[in-house]
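Pasting the structures in now, so scroll down.
There are two complexes below, and they share subunit A, which is joined by subunit B in the first and by subunit C in the second.
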Partner chain A sequence: MNGTWLLARRNLARNRVRLLVSVGGVALALSLTLALDAIYAGVANQLTAYIDRAGADVWVSQAGVRNLHMVASWLPDSVTEEVRAVDGVAEATPILYSTDTIAAGDERAVAYVIGLPPGAGMGGPWKVSEGAARPGRAEVIVDRGFARKAGVGLGDPVTILGGEARIVGLSEGTASLVNSVAFVSFEDFRSMRGDASVVSYVLVRIASDASPEGIAAEIERRVAGVTAQSSTAFSVEERRLVTDMSADVIAIMNVVGFVVGLAVVALTVYVATLARRREFGALKALGARSRFLYGVVLVQASLSVALAFLVGLAFTGLLALVVPMTGVDLELAISAASLVKVGLFAAVIAGLAAILPIRQIAGLDPAVVFRRGAAL
Partner chain B sequence: MIKVTLDVRDVSKRFGDGETAVLAVRGVSLAVEPSEVVLIMGPSGSGKTTLLSMMGALLRPTEGSIHLDGTAISELSEGRLPDIRLRQFGFIFQDFNLLSALSALENVTLVAELAGLKRRAARDKATALLTELGLGERLDFLPEKLSGGEKQRVAIARALINDPALILADEPTANLDSKIGHEIMRLLRRIAKEQGRSVVIVSHDERIRDIADRVLWLEDGAFKDMVTMVTDPVCAMAVERERAVSAQRDGETYWFCSRGCRDEFLGTRGRGGEAE
Partner chain C sequence: MLLAWRNLFRDRTRFLLSVLGVAVSVTLILLLAGYRAGIYRQASAYLDNTPGAVVVAERGIRDFLGTTSALPPTAQEAVRRADGVERVIPVVSQFVIFERHGRKDGFFLIGYEPSAGGGPWRLIGGREPAADDEIVVDSTTARQHGIAIGDQARLLDRDATVVGLSDETTFWAGSIAFARITTLESLLRAPGLRSFLLVTPEPGTSPEALRDRLAVPGVEVLLKADVIENDRKLMARVYDAPIGLMVGIAFFVGVLVVGLVIYTATIERRREYGAVKAIGARNRTLYRIVTTQALIAAAAGAVVGVGLAYAAGAALMAWRPQFRVDIEPAAVGVVLAASLLMALLAALIPARAVARLAPAEVFRG
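Here is the complex of A and B:
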């Protein structure tokens, strides 16, 4: 085994350019998959940021509604009081929610618009860098990134929900690649939507000795026409929606990354084996068993791919650090699941890439070492 | 009775079938004894390399058999041949065929490891062998940093590392200058005589005839002339036995390069000897 590792390592190190091309090519291919996974995981993180940071332990929605994105949930006003009456509920805050376009000058962006009741203990922005944390009438709190892009600040007007509101606060961490979160007053939201006596969700904070899942079940039992989920379960549902929407794109890019990686490693290992065909022939003539030679090729391919995996991971990690610094509302989240998946990809690539050179060696006649000038 | 290391019995090798068939070796027989140095010469395409490949269990004869210390290696399954090649044969190639990515020491160590020796033991043995062959200062050099003669000495160390009974050398002097080539051949002869190994050399090089115990001429796949080399006891010159003058003394036959040497031998040491 020592000999296998020694020869494989030395063969790789012998031609640095070939090693660089091989490792670089595969690293790029694996980075493609890793970065895409990280982008989608980051987007999912950003899209669930409001759910995760709103401060609720339990989310109550219209029966059958299990997430925020691309859905409408309408509950009668009275539901809030019914929820408050459930044992174990410490606090209940109704919010109004809609997906809308927020416009300032020429800048238009999609936003989750949240209508907050006066003095809401939950559901507001969790980090405000400038101005107020709760909006009053004809006021809006927008994401700082959106304001920067639109060139507006505190006191400037924006168009939202078909009306105009003045910016009174700038929040942080409330934007993603696809949208941001804007906060208006409950009254404004309701009047802009025809004064219907409805709420979208009821956010629940539970007593300290209760469990979110237990209280959610109790709410569903006691209040008719609602779905209640722990914040964690609600977030998982939201994330699943994002994952389902992106699954095809990820699958296609995974296949592209896989094929590119496979082609690069297979070609470079094949060329490296071809270049050393006479040496492999000499080893066969000297008595090396085929499995030793196969091992050398396999270890060469595995080492190339392992190096490429590390380089790809480092490159993606660097991207994850650098991208947010550029001002783009994009988060790259490298997950353990993604690492395992890409690692398995890499292992399969190494195995498949070794097949062609191994077949070449298998058919190698050891007597070839005596044929001078023969095309080996 | 003399123990035979390698016994080639009426071996033929045919490539291809039907009208395109080529008979590269036809009915060759040869017995190589321990410590014997056999040189096989002949023109290009005469079948030398094919014969050497068959002797080294790299190629199966179409007819006939090859025995190594009594075992018919030409009959062994493919699966058993690598072990035979690894432990019973030492190969020396014209192009050296050293592994370019490994140092001189690693080239030799690897072959010992393939035969099952532990890494440290293999390294120690290879170091000792290379040092004995004058490469003690070149252990960590890559082949590209070695001269032709040094490369061939590494190849010899690699051939010897598993203590083979037989060394098969294919044109070992072809890529070396005359002086180094001769040095290498003397080294091979010393190894044969001191260590009791048999050496079979295939070569075009006329200059190395004098190190062989026997010179065989292969032409059109068959041996034409068999020449046995002997050493003149007076001037130490290597001469072909068939062409040498001889004399007997105490029941033993001696061969000489010239009558002068014979007369000197008989006059000073061979009183009572009989000239032929």
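Here is the complex of A and C:
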């Protein structure tokens, strides 16, 4: 096996351009899959930021509503009191929620608009870098990134929910690729909805000795027309929204990345074998078996693909570092599952690429080396 | 030129590989571009197929898909009474997540008044909703989830009966479903809620004039074409970065593959090139040979690639009808130009090998 390795390595190192092309091509193809997985995982992380940081143990929504993103959930006002009366509920805060456009100057952006009751213990911004943490009437707290892009600051007006509000606070960590989060007062939000006596979600903090899942089940039992989920379960549902809705796109891109990677390695290994025909012929003439030569080809393919995997990983890692610096609200998260998947892809690619030149090697005539003038 | 041709065709496998290399990347680029165009076209399906040239939305909202619009209660009457208005279609739209077989699917639920319009434009089965617990769903979605007319579907906290199947309403991330406007009012616990008004101007009034004339407090008045454009921009924010990245990678891989093949061909014909140099040929001649080879491979690859892209697009749409691939002639033109660019860039890789060649090479060994 030592001989196989040595020959394979030398063979690879001898033609650096070819190695570069082979490794570069596969690295790009693998990065395609890795980066796309990382983008969607990042989007899922961003999407659950509000759920994860709102401070609630249990979320109560309109029956059948298991998500937050872009959906509607409307419950009668009385639900808040009913939830409060459930054993094990320490605190219940109703919020109003809608996906809206906020506009300041020429900048418009999609935002989750949250209507917060006065003195709300949950559901507000978790990190305020400037100004107030709770909005009053005709006031709004917006994401710092949105304010920067729009060129506005504390005291400036924005259009939100069809009306106007003055910025009193700037929050952080409340922006994703798709939207940011803005906070207005409960009363303002309600008057925009025609003063209907409704709430969107009820955020629940539970007594210290209770389990979120148990309380959620108890709320569903005691209060009619609601769905109650622990914050963890709600977050999982929200992530599934991204994975389910992007599953087909990811599948297609996986196929594309796989095919491109395969094409590049197969081609380079094939060409490399073709170019080394004389040398392989010489080895055969010296008594080397075809099996040994296959081994060389396989090791060559595996080495290129392994190198490419590392380069691809480094490239995606670099992308994950650089992208957030560009001011785009995009996060890349490389998951272990995605690494395993792409690693498997790489192994299959190497194996298939090595099969291609087998016929050439088997059909190789040891005498080829002795033929003069054979143009190779 | 003749040398370039002969050299290229001597090893057919290699020529085929290089054509395939370009073809794969051309297919990939075209397919991605077509997919993107398809997404955009699907995105405007509802507005394209619903009458009206002017859209009235909540103040500050300028798109149809991205947000939840809620008009002031008086807006509908005010618009209806305004001069130059022929027809007003009120709609309520809400993004709803539908779960079946353990998989989440998003859809835009459109509430409309059957007497005013704004419902499904192509029903391929059943009828429009006549009662508050009836809905029309997209036929592709229905097929995939095994839903038939007469089935019950869960709509938030209540059940609805599927009474019709609509066509052309499948969407990049779900589909469009239709219900009566009163269904949405009760579902969203908002009596009298209107999200948008689609307004048709009277004959003789231009959409622009109507837009400028409609002065209703608390609303945004926009041309339908502008709303469609804004929806596109919204989607571009989400889709353009990944698709751009993939097109870039596909392009780069194409360059590498062609470059590599021509490079290998050049290296292996070193003796012949040396001979050509020894009989007095300049580097320029050799460059021309290499470039011609690259161009031939690229041209053949591009033609094969375009064909493959159409075939792959058709196959994809048959497999997953919610994906629409629209390969536009303009995109084909751009890709053909790109493949020529690929070929020229690829020719640079072996050019160095040719330039470095010593004429004496041929006499060695």
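The criterion applied here is as follows: the second predicted complex is superposed on the first by the 374 of 376 C-alpha atoms of A that agree within 3 Å, B and C clash if a C-alpha of one lies under 4 Å from a C-alpha of the other, contacts with A are read in each partner's own complex, and residues count from 1 in each chain.
Basically, contacts are C-beta pairs under 8 Å (C-beta built on N, C-alpha and C of every residue); 3 or more make two chains touch, one makes a residue touch a chain.
These numbers were taken from a predicted model, which means no experiment stands behind them.
Asks: Will subunit C clash with subunit B on subunit A after the two structures are superposed, or do they fit?
Replies: Overlaying the two complexes on subunit A (C-alpha atoms) leaves subunit C and subunit B fitting together cleanly.
Asks: Could you look at A:Arg221 and tell me whether it touches subunit B, subunit C, both or neither (first, second, both, neither)?
Replies: In the superposition, A:Arg221 contacts neither subunit B nor subunit C.
Asks: Does subunit B (first) or subunit C (second) touch A:Lys127, or do both, or does neither?
Replies: The answer is neither, since A:Lys127 touches no partner chain.
Asks: According to the stated criteria, A:Arg148 is in contact with first (subunit B), second (subunit C), both, or neither; which is it?
Replies: So A:Arg148 meets neither subunit B nor subunit C here.
Asks: Is A:Leu177 touching anything from subunit B or subunit C once the two structures are fitted on A? First, second, both or neither.
Replies: The answer is second: A:Leu177 touches subunit C but not subunit B.
Asks: What is the contact status of A:Arg278 with respect to subunit B (first) and subunit C (second): first, second, both, or neither?
Replies: first
Asks: How many degrees apart are subunit B and subunit C as seen from subunit A, counting from C-alpha centres and rounding to the nearest 10?
Replies: After fitting both complexes on chain A, the angle is 90 degrees.
Asks: Just to be sure I read the superposition right, which of the two partners does A:Arg137 touch: subunit B = first, subunit C = second, or both, or neither?
Replies: A:Arg137: touches no partner chain.
Asks: Of subunit B and subunit C, which one touches more residues of subunit A?
Replies: Here the partner covering more residues of subunit A is C.
Asks: With the two structures laid over each other on chain A, which partner does A:Val110 touch: subunit B (first), subunit C (second), both, or neither?
Replies: In the superposed model, A:Val110 contacts subunit C only, not subunit B.
Asks: Report the closest approach of subunit B and subunit C over their C-alpha atoms in the superposed model, as a whole number of Å.
Replies: 8
Asks: Using the touch definition from the top, list the residues of subunit A that touch subunit B in their complex.
Replies: The contact residues of subunit A facing subunit B are 2-3, 6-7, 10-11, 13-14, 276, 278-279, 281-289, 292, 365-367, 369-372.
Asks: Which bits of subunit A are touching subunit C when the two form their complex?
Replies: 17-18, 21-22, 24-25, 28-29, 31-32, 35-36, 39, 62-67, 70-76, 98-103, 108, 110, 159-163, 177-178, 192-194, 196, 198, 225, 237, 240-241, 244-245, 248, 252-253, 256, 259-260, 263-264, 267-268, 270-271, 274-275, 328, 330, 375-376
Asks: Considering the complex alone, what residue numbers of subunit B touch subunit A?
Replies: Listed in rising order, the residues of subunit B that touch subunit A are 49, 52-53, 56, 58-59, 82-87, 89, 91, 93-95, 97, 99-102, 106, 110-111, 113-115, 119, 158, 170-171.
Asks: Considering only the defined contacts, which subunit C positions touch subunit A in the complex?
Replies: Per the touch definition, subunit C meets subunit A at residues 13-14, 17, 20-21, 24-25, 28, 31, 58-63, 66-68, 70-73, 94-97, 99, 103-106, 154-157, 173-174, 187-193, 218-219, 234, 237-238, 241-242, 245-246, 249-250, 252-253, 256-257, 259-261, 263-264, 267-269, 271-272, 316, 320, 322-323, 349.
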